[in-house]
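Next come two complexes, and both contain subunit A; in the first it sits with subunit B, in the second with subunit C.
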Partner chain A sequence: MANKPAIRTGNSELIALIADEDTVTGFLMAGVGNADLRRKTNYLIVDSKTSVKTIEETFKEFTSKEDVAIVLISQYVANMIRFYVDSYKKPIPAILEIPSKDHPYDPAQDSILSRVKGMFSSESVASGRH
Partner chain B sequence: METMKDEDGTILKFLDTMDNYLILFDSLSSTLRQGWLDLASARHSMGSSRISTALLNLKEHSASTVVRVNDETINETSGMEPHFTLRKWRTCEDKTNPIEEEEDVQGLLKQPSLNLRHRGFSETKEASNEPLVSVDDQVQKERSKALSVFGALVSPKLRSAQISFETVLETLIDIANARSVMLSTFEQLQQMKEQSN
Partner chain C sequence: MSGQGQRLVVVPTVTMLGVVKARLIGATRGHALLKKKSDALTVQFRAILKKIVMTKESMGEVMRASSFALTEAKYAAGDNIRHVVLESVKTASVRVRSRQENIAGVKLPKFEHYTDSSAADSRADLTGLARGGQQVQACRGAYVKAIEVLVELASLQTSFLTLDEAIKTTNRRVNALENVVKPRLENTITYIKGELDELEREDFFRLKKIQGYKKREIERKELEARLAAEISSNRFAMPLGSAGRNILVAGGEKDEDVIF
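Presenting the complex of A and B:
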């Protein structure tokens, strides 16, 4: 427990979004949109013109912000920056990969499920029992 | 023997949580599809230019729907496990935290009558009560405010889409909590495995 990262608790925190226009619009209608004094928002609308570098930088920004509790990212967008998503290990903010209109959710690509799938490998806990 | 029982219990908890995680994603996909469909219907009836991200408000404003994070200590080995609670429309509407819900009920019980919409009340009785805004009224106000960026009159389909995405948020909070439990039990199992080797 000595090396466990501290978890921010108690405060109201934001839900950040990295997704296509319709998904972002829907969530904004549900009240998650936030804009600060510098007009920086808690969402990035990804379209055909959005570069991978922009997505990477936004992902890094959202995952390092103190006031973000959850980052929602369309799975097809997460695939563009898969290395960064899979390397992310902190409990907060939680990264949730969500489906998009044209790309249904694929459990095989989910970062969390990939991380825990080792539980079912030949070196699982159960195999150690005699 | 005790160790094996603990291990079995943790494995069951892990598998159960993973199953729940996948079921929640099915539910999420279904609700999202409904939301996108309603949004497309609204766009069809109101026009594409009226439902566009170009209309989004970039002036300084706070999110109305936020998340509260609480940490729960599970045990010495796995440490902290964050628990997420949704606060929709800045009210205490969230159903996932029974403590908050109880506090809300206690708070409401201490207040005078909440029947603001009850037309049978006499004038004297209304005058003696302090003006109270019911939670429902506040939520409806916030919902209308969120849609006002698309114009004063919006399609019922847009309102349906809004409700769908609110439901999506509730499911996502459940998913976030399941994720948290899954990772915590996974860590416990990893540590048990290391101890047994």
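Presenting the complex of A and C:
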């Protein structure tokens, strides 16, 4: 299993965030926000003026960053860049789709959950056959 | 020969047979071990699947509660609280620590969140000091709870992906051993055995043949020797006698003056 990415342990890592303003505010209040020396933040506020390209680039940046362990992304934002989210296969950082206030959560659209559900049915079918 | 492509290219010797047999034993043992590993991983995998579904469903509720708390805070502290919050971002106080968990030789990442007390700025505590402070604190608490759930979900999800990958690799190995390596070794063993049998039969046949040749040779020699013996005894007996007789006869009949 040489091609597995090494799992970093022990060090402290950040939670990155791509969401609408309210969600970001809430999580910042809890204290996940981080700004480095150049005032580069680990979150992106998506509003009506944010272009899909910006979201794409931020998503790529967060997923390639060394110190990010989890990327939280609002589901409606994830839907805008669904292709990138679905084609992302690495275990770390983990991508989590979260519901936002204005957009109710739809489990069917979640890339992981749909895989889980698919596997569940196939697993139960497979176990039924045994 | 059947299964020509499905065997190793080896010289059919007894030594090689031993080597291939040892390899077959190794392959069988490896197959059993990998199968066990795959089973263990699958058990773990199913447990994680169930947990993921449960946590995902609970996540919706937690997020709703935290959104509601935020709305309350906004109502109590005024809408401009978000600017205060966005401006006071410095270093993260809630961070994630990752460690490994070993399940049947597969390293699974596990996240756990912790609060870095040194980075927890006092400014955040003062947010909403003028009004709505209690709501703001409640909102903070709600979001910290949400982060707890999300971090757990994240580690479940990473474990899910890693395990999925590991199970696929293990199953591929199990199948490769079962369907490719083992038949090939078995075919090689049968091939070597067949070839050795063939050699043995050939040898046996050759020995028999040689024995036959030798037997015939000996018989021939014996016969020859007997013949030779007979002939020589005849020669010693006959020519002397006949010549003597002839001479005697001739002498007796033709010329009495001839002495010999």
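One rule holds for everything that comes next: the second predicted complex is superposed on the first by the 117 of 130 C-alpha atoms of A that agree within 3 Å, B and C clash if a C-alpha of one lies under 4 Å from a C-alpha of the other, contacts with A are read in each partner's own complex, and residues count from 1 in each chain.
Keep in mind that, in the parts below, a contact is a pair of C-beta atoms (placed from the backbone, for glycine too) under 8 Å apart; a residue touches a chain by one contact, two chains touch by 3 or more.
The structure presented is a predicted model; accordingly, all values stated were derived computationally and were not measured.
On the superposed subunit A, the two partners subunit B and subunit C do not both fit; they clash.
In the overlay built on the shared chain, the residue A:Leu28 is in contact with subunit B and with subunit C.
Comparing 4-12, 22-30 or 148-156 from subunit C against subunit B in the aligned model shows that the clashing stretch is 148-156. Looking at subunit A, you'll find residues 1, 4, 7-15, 21-35, 41-42, 45, 69-70, 72, 91-92, 94, 96, 98-99, 101, 105, 107, 112-113, 116, 119 touch subunit B in one structure and subunit C in the other.
Interface residues of subunit A facing subunit C in the complex, by the touch rule stated above, are 1, 4, 7-15, 21-35, 41-42, 45, 69-70, 72, 89-92, 94-96, 98-101, 105, 107, 110, 112-113, 116-117, 119-120, 123. Chain contact summary for the complex, subunit C toward subunit A: residues 46, 49, 52-53, 56-57, 59-60, 63-64, 66-67, 69-71, 73, 81-82, 85-86, 89-100, 107, 109, 111, 113-116, 119-120, 124, 127, 136, 139-140, 142-144, 146-147, 150-151, 153-155, 157-158, 160-162, 164-166, 169.
Taken in their complex, subunit A has these residues touching subunit B: 1, 4, 7-15, 21-37, 39, 41-42, 45, 69-70, 72, 91-92, 94, 96, 98-99, 101, 104-105, 107, 112-113, 115-116, 119, 124-126, 128-129.
Taken in their complex, subunit B has these residues touching subunit A: 4, 7, 11, 14, 18, 21-22, 25, 28-29, 32, 35-36, 39-40, 51, 53, 56-71, 76-77, 79-82, 84, 87-89, 142-143, 146-147, 158, 161-162, 164-166, 168-169, 172, 175-176, 179-180, 182-183, 186, 189, 192-193, 196-197.
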